[in-house]
Each structure stands twice: as structure tokens, then as C-alpha cells.
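In what comes next, chain A is part of two complexes: it sits with chain B in the first one and with chain C in the second one.
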Partner chain A sequence: MPLSAPNKTSSPAPQSISSAINTSAGALRTISFWFAICALLCLLLVDIDISTTDPWAEMGLMTAGALSPLVWSWPTLLSSLANTFAFALQGVTVAAIVGFALALGYRFTLVRAFCAFIRSIHELFWALLFIQVAGLSSLTGLLAIAIPYAGTLAKIYGELFEEVDPAPSNNLPRGKSRPLSEFFYSVLPLAWHSMATYTSYRFECAIRSSAILGFVGLPTLGFHLETALSDGHYSQAAAFFYALLLMIGTLRLWLHKSLLPIYLVAVFYYLPPQATISWQLLVRFVTEDIVPAPLRGQALLSGETMSNVVQWINLLWQQQIWPGLLNTVLLGQISLVFTGLLALALLPLNSSLFIQRRWKRGIGDSVLILLRTLPETLLAFIGLLILGPSMLPAILALGIHNGAIIGHLLGRYTEELNLRADASRGVTLYFYEVLPRIYRQFLAFLFYRWEVILRETAILGILGIATLGFYIDSAFETFRFDVALLLILVSAALNISVDQFARYLRQRLQLKTVPESL
Partner chain B sequence: MSQSTHESTHQSTSQSSNSSAVLFQFSDQRLQYEGRTLFDNLSLSIAKGERVALIGESGAGKSTLLKALREQRPDQVAWCPQQPGLVPILSTFHNIYMGALSSHSLAYNLVNLIKPLPGALSIVEPIAKQLGLEQHLFSSTDKLSGGQQQRTSIGRALIQQRPIFLGDEPVANVDEYQGQALLQLICQGHDTVVLALHDIAQALSICTRIIGLQNGAIVIDAPSDQLQASDLAGLYGAS
Partner chain C sequence: MRIQLLRSFVALTLLFANSISSASPVGLSTNSAATGSYNSPSAKTLVFSAIPDQDEANLQERFDKVAVYLQAQLGIEVRYIPVKSYSAAVTAFRNNQVQLAWFGGLSGVQARRLVPGSQAIAQGTEDPFFSSYIIAHSSTAIEPSDNLPTAIKGKTFTFGSKGSTSGRLMPEHFIRENLGDTPDQLFSKVGYSGDHSRTIALVQSGAYEVGAVNYKVWDQQLAAGEIDSDKVKVIWRTPSYPDYQWTVRGDVNDSWGEDFQARLTEALLAMDDPDLLASFPRSGFIAADNELYQPILDTAISVGIIDADK
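Up next, the complex of A and B:
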């Protein structure tokens, strides 16, 4: 017996089906489609050739090296390991304190903008800047990590404070208000656990950042890794590589909350943040070196100066800013979509819906964690050695690292899905039940990651890929600090814009607000 | 083969006058739910053609019993759980079609996911029409009301065309009149029906047999034409 009169509406004619479809999946599908199309177009514009004559031979040598790790000097290995750890711990500690203070004022636009600015500049760029005034010192290493991480932690802490259950603070007695006391009683305790979890995750990232600081000369693992890899000493490189993996992989075993004070005292004793700063040099750097060349020692408002500045910027735009920006955006877009595809392909490795046996899933997840542990800069560098200079190694490196991160998170997220007992299995389960249910979360993760991917895309320039980082690195090498600073600001502006755009898309697609299960 | 032995043992031991095949059989069985024992020694048999209503307070073991029934004949059961378990961002069409995934090839299913195929449409459309969902066929189920979602869930059971329907409060979210019509629709489409229901009048009018559950035991088991609503009222509130 029909429940409603059938003569009221006729069934939709087959040809009008696609226009009649009005699902929440539709909007997500459209946006994914356009992202993929953009990436394909970008792919036509960039160079992704393999330029080495025999990539397999190089890969064979690397594999041989990986299988026969060789420590040529234990003191060097251990001291670079200790330096990597020290910079990371000091940096994150300072960043947590400063970030917390900034988070208290996170409702002010100015504070938010400031945080967005300092985190939009990559730690390697900060390092390159500080090296000019503080040299390759322990202070440089500390600040290069602490500053961008403070911006990131401030954002996370600030958002956590906004998201806590407002009931406890609403229930406080009205009248004379003591905002800070109220905050410590009714907000901080609720956010504390998430803050601690996130900060410890950031510490893992900081170890990667710290290792990579070696690429610009600081005495961490990356310094020896880069040297050994460039010289083709793959056995030696393997030893440093395994040391990095081992440190990150075993963090949970030895980095206990109760031991933290001891580690802190130890790292500040072992590597006190200091630098011999020549004040003269600092003053010159700030008042002269970073000032755009045509402005130095000129009257600001004279017509001739202005036209010189315009010419200077115009030339820079044509020769460096525009090509750098273009390549960064193209590479970033391709890498973003590749990251997404890899994440979707990899997520079953960490999901009991697809791998029932616990030990098999353990192996699958270990692969994801291993890929996630490898810093993308290092991956890209290895890729360049094998495949030769093109965008391809960068795309692979960014995709593998970020895809593994998102795949791991998504796999874990599928454990929370409530499927019906009569749900299908295998590929059908994936496409009919799991993918639609996790897709919002997937896009949310991917858009969160967008800014990070773009930051990294820019930085891969220091390896010789013609993104913004390439021009920044060259400017530093030729002591044109005014150009370097301008380009760093351009890359910061790009990151901030993309972050804002991603934020707009998340709101528009309601990526966080709609409940995931019916 | 195994089914015929089932039948013969049933016929020799059962006192029931019903001579048709036994579909479900428990004898002195213990049933657990999330580690907690709900039934200590359950004895029960349900034959082909019966329409059974399970009545009892929440927590009495209706859902546990339904799950145990499903496990006995997984291939013949159309399953309609209390939580519809729909995929929110997919259309009503896809959510109903999901019941028929196993009878099509993977390639067909995947193409149909991207663009509804005429073949699939011709199966789903009549069902949606019967359920009054034809206007919402291509809306995603997160845009439907609770009652419409429940009807979609029933649609997913109907499309399977299985002989047995097991439903856990399948019409709890729709009004009485619609509920009655839906239950009749379910009964038309299936030889054997077992429903957990909270509406006693509905149970008496739709089902042929009433099983009352209380504290992990069957306290009432009788044909519905021998029962009054007042006989069943004791199942609620008393402990």
C-alpha cells in the first residue's frame, strides 16, 4: 500500500536525474573535481621529467648503503643527535610559553594576525635570517624553531580555549569579574589535556625541523645527512638516517612527563642559547642591509627615489617574484591533490574495517608512521639525487609525507564509524559506506594541511627547485638581504592567503559543523 | 541438507501443531550482549510463516534476541536495525540500493555510485514509491526527517527480497497511521517477520504471535488472538 498518493508526483524522467540530484555529497564532489582539474592543468605546466640517465643505479647504491649503515664517528653522531634534540626541546618549550601568552589574547585581531605572520615564515627562513646576525649559533637554532612554533601553538591553544564547554564559565557568579582567575579555573583545566597532546605532537615535528636546520649549516643530523648524501657516502648517511628514525620512533618510551624537567635542565646546560652578536653588524643589518637597495641613504619622498623603487620592484617581480610564486603555487596544488589521493589509498592500512588481523594492521600502520616520520625536505633531497632536478621529487616527497599523516589519521577515524551489521565488505564497503562518511573529515584534514604543504613547497627551493625558496636562498648567498626579506614576505603573504582561503572553504562546506553519523 | 535434518528434529520434539519448517531454534541457550548475560537459558523456536512481535521494556533483551536470530540465518534475513545507519551525505536512492550491492558486480556498483544507472533505478524507484520517498529519491539522507530516514532504512531491507524480515523498532519514528501501513508493507514482502515493537496495539493487530520478554526470560508466548492489551501491560513497569 503506497503511503502517499502516487498520482501527485510522477517519477523523475531518466534524463533529468543528474539535475534532480541534490545531495550533500554533490558539493564535496564538485570541489574535489575542480581541485583535481586544477592539479592536472598545473601538471602540464611544470617539469616532471626524470633527468638522471640511470635512476635505478643510484637507487641501487642507496639501497646498498641503507643495508650497510656505517658510523664513521660515534662522537659526531651522538653530538648531532643531542643537538637535534636540544634545539627541538628548547624551541618547543619557549614556543609553548610564548604561544600560551599569545593565546590569551587570541580574540584580538591584531594578535591573530601577528601569530599568522610569524608562523607563515618557515623555520629555515627564520634560520637564514638569524644566521646573518647571530651566526651558526645555538641561539639561532632555538629562535628558528621557537618563533614559527609559537605562532602555531598560539593558534591551536587559542582555538582550544574557544571550543571548551562554556557552561562552567557561564555558571560562575556574576559581579566583580577576575577574567584571568576565571580563565585558570573554568577554561584552562578543560583544555589542558588537548593542549598537552597537541604540544607533544608538535615536539615530534620540531625534531624533524631541528634535523632539517642542518641543511642551512646548523650542527644537527641534517647537516651530516646532507653532506654524506651529496658525497654519495650512502652507508654513512644511512647511520644518521636511522638515528633520526630511532629518536622519533622511541620518543614515547623515554620522553615521560615526569622526566621532562630533567631533560630541560640537561638541554639548556648542554647547549645554552648564546651567540656573539656584533651590535654594529646588527644595526647595519636592520638599518641598511634589509632596506630595499634604491632606498638606502636616499630622501624617502623624492620622485627619483620612488621611480627607482618602482623599477627595482618591477625587475624583481619579473625575474624572481612571479616565477617563484607561480612555481610555488603550481607545485603546491599538484602536491596537495597527490597528498589527498595517497591519503585515501593508504587509509585502509590503519583501519580494522579493511584489515581485521591486529598484527597485519600493526605492520600497515607502522609503514604509515615511518613515512610520516621522514621529513619532506630530506625525502625531496633523496628524490633529487635519484631522479635529477625537476618538480617530480618534490611532488613525491610532499605527497608521501603528508599523505601518510592524513592516511594514518583517517584510518584511525574509521574506527569510530558505526556501521550496520549488514554492511558490505571490501571495495564496496570502502566506496559506499566509508568514503562518503569520512569525506568531510578528509577534506578538513587536507585543507588544514594545505598551508603546511605550501610552506614546505616554498622551502624545497633551497634544494634547487625553482620555488620561492630557491630565490630566497640565492639572495642570501649573494648577500642581497633586501631581496631575501622581500621574497620571504611574499611567501608569508601567500601562506596567509591560502590559509584564509582554506578556512573559507571549510566554513562554506561546513566541514566541522555537520555531525558525521545519523 | 542441514535444513531438512533441522525440520525432522523439530517435528519430533516440538509440541506445536504448526507443521511447517522451523527457521530459528534455541534450546537452553545463553545469550550475551557486550559481555553481560541477558538470557540464561533461552528456549524458543520460530517457524516459517510466523509473524512474531517481541514485547518488553528496553533492556529486556529484544535487540540481543534479534541479533541472535540473524546469526542463525544470515543469508535469508533482511535486517532493519534500530539505528538506520544510513550514509548521511549519499542520496536516498544510494542508501536503499546499498541493500542490493551483493547482487551486482563491483564495477556496476562503482559506476552507479557516480551516476545512478537505469537498471538500479528501476529496482529502487518502485520501493521508494511504496515508501512515499519518491520525491526525496535524490536528496541526501541528512536532509530527511527522522521518519523518512527510517523509511529509507526499511527500503534497504525491502530491496534485498529475502524471505525473513528482522526489524528492531522499524516504525518507532513515524506516526501511528504510517507505521501501520509500513508494517503491512513489510509483512506483504516477507514470509516470516520478527519485530521488536513497543506499541502493543500495533503488535496485536499486525503479528500472529506475541513473545513477552522480562529480565532475560520469556514470560508470555501466545498467539495474538488469544491475548488482550491488558495481558501485556504487566511487561512494563513491574519488575
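Up next, the complex of A and C:
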């Protein structure tokens, strides 16, 4: 059974090794076991029928399109490419600054909950919220990326600060307590390298997010990509997709630290964040749109109003919140385990321990970039054509996307392992040395993706899977912003719980965020 | 190498900073004049939009011609902006980022409820008698019929966009009326493809067995040879209902003069260039008013898409 394979091999070894290590390996094994069992049980509860009959005509068109990319307008392509880059860079810059500030208070539960809250809302929903008051403006694009990313970066920075080697700070002379100097001289320098590495990785994610923002109307690559896909113009879609792929694939070549200031000036000059925010719209949004329908224009404390509100919530609970929660958790759990398996299978692709030749590893790397850049909605559409409507295409879409991301990070991480000169090779090396040594890191990455996967279940409406995000999307479509906000709060609560649980597991299993500190 | 790349990138950036107002789809721009005209209602440019119901890639091209026509007729600057979804069109209208819009039946009703005083002023000649097709994959062996075939019960089913009149609201209404239950109860699975072309592709591939589609989009794609009749066919045509219309905000006369709404209506009704009309596609325009769409509103309330007034 493939699911148990990683668990078996995660035990580093025979009994002779000290009991402390054995115990912790046992804990890793136990937790992996329960996650796998949970996913299998969930699989029994959901619909994974295969039901399609004739996908090949459409698949043929898609393949033909992929092989014959067509740029129908270079100015459009280049300007949407530039917009995608601009929103991503501005968003991550603002997010890094705000995230840093939040990370300083990360030991406070309230701050952590706030961060979990802002990152639990999908970029698309942030954009949809801001569109109501700031329109389709450059400010909307910037905020839609900056806010959830600030939440994510705060979490990463905060945990990095917690995990730095405490020795330097412990050795400071006691007496005068100067927390700020202490932080800047004994914590920040140690965390700096990991922070920079992680932030630059998040930049790649931000480019994808920025492209996806086009789905709701911002002028990024996704705008035209989505249009071409839904019209069935696959050659045009291919051109936009390859442009995105090219930008992400070549990041390392042109996004150099020393050039960042120039890029920053360029993007703020090119696309200054601005919007004509009408106070009228803002006031209407806050005092009317998002106020629960039964409360609008009613006396707050009258018994009748209260019973109407209770009825309103009750009905929503039965029709949307409960089924939404259930589907989100089920889909999230299965996808999480599938993501993990796929990540373990994909990691050799860009690891020099398994692929020695540079050019071959280049190919492996490209496959990973391709898999993680394909928008999940496109993967879901292809899955839907081949497998029919069920939860299966959703699991595949989420698993492939996130599995490729974790596989990539793990592959990079294996580069930092020092092997003995007489280390084994190939399969033996993988199962008996690499896998046990990276397993903690693997779980740490997987727990990070957990909440991301939950959030991304939102955008698979085409499959008709009624997750919380599906209902949030419906609420926006029908201009029920009160319902949308309530559902967003529910999904934020789910996210905060998952975050707390993952944090508990991480501490219990002593999983580290920082490769260097392992 | 890096420096060269950088130089060309900066050059490109600067180049497109200047041209973005025309190249970018929503007119995001560093050019304050262009931004102003998009964001602020006080500028004297009439901005209009249309729901993206099909052939989105060519919306800009199609409606730019209409903008040129209206500009000539009205003697003011007219601009079209494309949007990505039905709800985005309504939101832009509500926020006064567009003052005029080519809406579907449902999106028009939603827009007019959100913007008191706005008026439906013109509709296509075909729109009083619009309808939807229920289409089925050949593997279901369901034959065309005058009544909605009960054999669709238990099949997998896809609507178009959640906010579509012909792809969601009216098909759902007629399905409930004829089969006596909600789609969730009747079908084994219910999806929302997003738009009409995709509904056709998904039913043709058998991914969904049955679907609901705008009759005009179907007829157009059939004529263009994009549909394989061996794999997918129409099994039922819904009764007719009013659909698309031009809706204008009630405050346009304040910006462009006393009789502006009347002149605008006249210009729309006078549109007779086949090339322009093909953008919609309609054979011509006739007068319309809000009352005509009462049935759509009633249906939307009964289906639960719009809340009834208290």
C-alpha cells in the first residue's frame, strides 16, 4: 500500500539508536498514519465516480492549441505581463513590510489569529471585496495580494524568529533589558537568510496570484487566459500561459537582489496604486451591504429582529455553512494526503542527489514549474473532461498543483544534505537515507500547505463541489455581501483552527521551518 | 547579460506605461485623464459595458464599434470597458463606473434594484421572446420532445454562469415547474460551467450528460460548424421569456443634459448597420421598459436568487 511507504521508511533505524530519536520517529510515523487513515475514510464519504464518455475531441483541441500558441496581440500580451509583474512585486513588497511588523508580535495569540484570518481569504475574494468600494483599480490589485501575503509572511517570519538559535541571545549580558537591540543583533541576523529565501519564493507565488486576479477583471495574464480558455481558443490561451511560464521559469536569471530597487521604482512608476474611492460607496458597503439582511433598517434590540436574525443564520447554517464546511474539510483532507504523496514522488526531479546531469535536472525542474503554474481551474477543467464531475478532478487539481510546489521545495532542500562518500544510490538512497532525513521538513511543508489547500477549494465551482468558497462565490454573484461576509468569517474560523492544530503538531513533533536549523 | 535584460525590460515598461490606457482591458492607467474618466462619474465620458456571455475575446472589438457609433450620434465621448463576469458588470453599473450597460434579463433586474431610478430603455427585436435549450449527450439516448423529458432525472447537469438568465435562472425555473423539484434534488450532480460555450463543450464531451444553454449561442455555434450533432443535441426548448436589454442610470440627464436619456434611446433604436447589430447579435432594437422584466424578477425571487422586498 503506497500510503504507508513513507511511514515505514521514516524510522531511521534499528533499535540500537537512542530511545529519544526512536520516540520522535514513532511520533512522525503515528501522525502520518492517522493522516492517511483520515484521508482514506474521507474518500469513502465523497463521490469519486468516473463518468465521462467522450473527452477526446475537446482534449484534441486543447493539445493542438498547446502545440500552436498564437499571440493575437503583442501589446496586450506584454502589457498584461507587465501588469502581472507589477501587482506581484508591489504586493509582496508591501506584504513583507507589514508581515515583518506583525511578526514582531507573533507570540500573541491575537496577532496570530489576525494573521490567520487575513490569509484565510482567497486573493480573488479580497479582490471582489475591494472592487465593491475601489472598483477595478490598481489599488484593488495591490491590496488583494498584499493583505493575504502579509498574513503568510508574518507567520513565516514569526516562526523563524521563534526558531533561531537562542544561544546568542542567552549570552547577552543580563541587566539592562533592551528588547529592540536584542532582536536586531541576536535574532534578526540569524533569521535573515531564511526570510530572504522564503520571501523570494513567495514572490513566485505572488506572480501566480497576480495572474489569477485577472479572472475577476484585473488586467493581468489571467484576464486573457481565462477568456481564451472559456471561449475554447486554446492557441491563444497557450500563448498567455507560456508567457506566464516563461516569466516564472526565468525569475532566477533576472530577479537579482541588486536590481530590486530599480524594479520597485519601475513598477510603482508604471502602475501607481490608485483608486478613486467614493466615500458614498464605502459607507454604503459598511452600513448596508454587509449588514445581515434581517438587521437592515430595523431596531437592533427588538425581539422580532433578533428572531429574524436567528432564523437567517439557522437557514444559512443548514443550506450553506454546514454542507460547505463538510465538503471543504473532506476535500481538503484527501487533497492534503494526495499532495504529500505526490510531493514525495516528485522531489527527485530537481534534486542533484538523484539526477546528476545538469540538463536532465533542468528538464525535471521545468516539469515541476509547469505543474505548479498550471492554474487549478484549468487542471480541474481537464480533469472534468476526462473523469466527469466528481470530487476526483478537484483532488487531482489541488494535489498536482500543491504537490509540485512541495516537491520543488523538498528537492531544493535535499541539496543541503551532506552524504557520506559511500552513500547508496537511487532507490536505496531515497528510501533509507533521504526520506528519513527530510521527513520532518516534509511534514512541516505539508502542514503549511494545509490551510492553502483549504482556501483553494474555493475556486473549483465548475465541478459543482459545494465548498465554503463555492457559496462565497455564489453570494458575490447574487450581491448578498452580508452572506459572503458571514461565510468568509466561517472559513476564517476553520482556517484559524487548522492553523492552531498544525502549530500544535509542529511543536509536538519538533518540526522546524528552517532548513538550516535542522 | 542581466543588465541587458534589465534595460530591455525597463524600456518595455516605460513604453507600455504610455500605451497602457489603450492596451489594458479595463483602462487601468498611469495617465490621470484616462483613470479619471474610468473612475469618476463627473468626467464627461459616457462609459458602457456588456455582460460577457460569449466570444469574450472579441468583446472589445465588437463593442468599440458601438462606442464609435454612439459617439457620433450623441456628440459626446463614449467608451466601452470589458468586464469578466455578469456580477462585475452590475457592480460597475452600481458604482457609476459605467452609466449604460447591455445586460441580460437577470443582471438587468439586479442592476436596476441596486440603482434606484435606472431604466431599461431598449431591447433586441428577439429579446421579448428569448429562450433556452436543454441539451443532452447522445449516450443518454434522450430524444427531442415538446415537453421537458422526465428522463433527465438522475443525470448529471450543468448550468452556465450562476448569474445567467438563459443559462441558469430560466432553465432552473422551467425545470422546477415541469418536474416539480429543485435541480439539486432532480439531478445526480449539478455544475456551473461559467459560460454558454463551455456548457456546450462539456455536454458534447459527456463530462455532463445534460445542460442548459442560451439558444442564440447554440444556433450560432451550430451554424459555424463547432458542434458535433452526433454527440450532443437539443432535447427541449423552454417557453419564451424576456431577456437582454440596454439599461441606463437614472442620473445621466444631470451629466449630459435634460433630454440625454431620450437621445440615447433614440440612437440605440436607430442602430441599423448589420455590422454593428452583429455585435449583439440582434436584428434590431425596440423600445423597452422596466415593467417588461417583472416576470424575470418574480422568477428570480421564487428561485431564491433575489430576496423579496420586505
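By definition in this document, the second predicted complex is superposed on the first by the 369 of 518 C-alpha atoms of A that agree within 3 Å, B and C clash if a C-alpha of one lies under 4 Å from a C-alpha of the other, contacts with A are read in each partner's own complex, and residues count from 1 in each chain.
Criterion: contacts are C-beta pairs under 8 Å (C-beta built on N, C-alpha and C of every residue); 3 or more make two chains touch, one makes a residue touch a chain.
Since this is a predicted model, take the numbers as computed values, not measurements.
Asks: Could you let me know whether more residues of chain A are touched by chain B or by chain C?
Replies: Of the two chains, more chain A residues are contacted by C.
Asks: Check whether A:28 is in contact with chain B, with chain C, with both or with neither, and answer first, second, both or neither.
Replies: first
Asks: Taking the superposition as given, does A:478 touch the first partner, chain B, the second, chain C, both, or neither?
Replies: The answer is second: A:478 touches chain C but not chain B.
Asks: So, does A:433 touch the first partner chain B, the second partner chain C, both, or neither?
Replies: first
Asks: Return first, second, both or neither, reflecting whether A:421 touches chain B, chain C, both chains, or no partner chain.
Replies: After superposing on A, A:421 lies in contact with chain B but is clear of chain C.
Asks: One more residue to check, A:223. First (chain B), second (chain C), both or neither?
Replies: second
Asks: Over in the complex, which chain A residues touch chain C? Could you list them?
Replies: Residue list for chain A touching chain C: 47, 51-55, 57-58, 72-73, 75-76, 78-80, 82-83, 131-132, 135-138, 141, 214-219, 223-224, 226-228, 230-233, 236, 253-254, 256, 259, 262, 266-267, 269-272, 274-276, 278, 281, 293, 384-385, 388-390, 461-464, 473-474, 476-480.
Asks: In the complex, go through chain B and note every residue touching chain A.
Replies: Going by the criterion above, the answer is residues 67, 70, 79, 81, 83-91, 94, 98-99, 101-102, 106, 109-110, 113, 115-116, 118, 121, 125, 129-132, 134-135, 137-143, 149, 151, 178, 181-182, 184-185.
Asks: Write out the stretch or stretches of chain C touching chain A in their complex.
Replies: The touching residues are 1-2, 5-6, 9-10, 12-14, 16-17, 19-20, 23-26, 28, 30, 35-36, 38-40, 52, 54-57, 83-88, 90-92, 95-97, 110, 114, 137, 139, 156, 158, 161-163, 189-195, 197-198, 201-202, 204-208, 226, 228, 231, 305-307.
Asks: Would you pull the chain A residues touching chain B in the complex into a rising list?
Replies: Residue list for chain A touching chain B: 1-4, 6, 9, 11-12, 14, 17-18, 20-26, 28, 418-424, 427-428, 431-433, 436-437, 439-440, 514-518.
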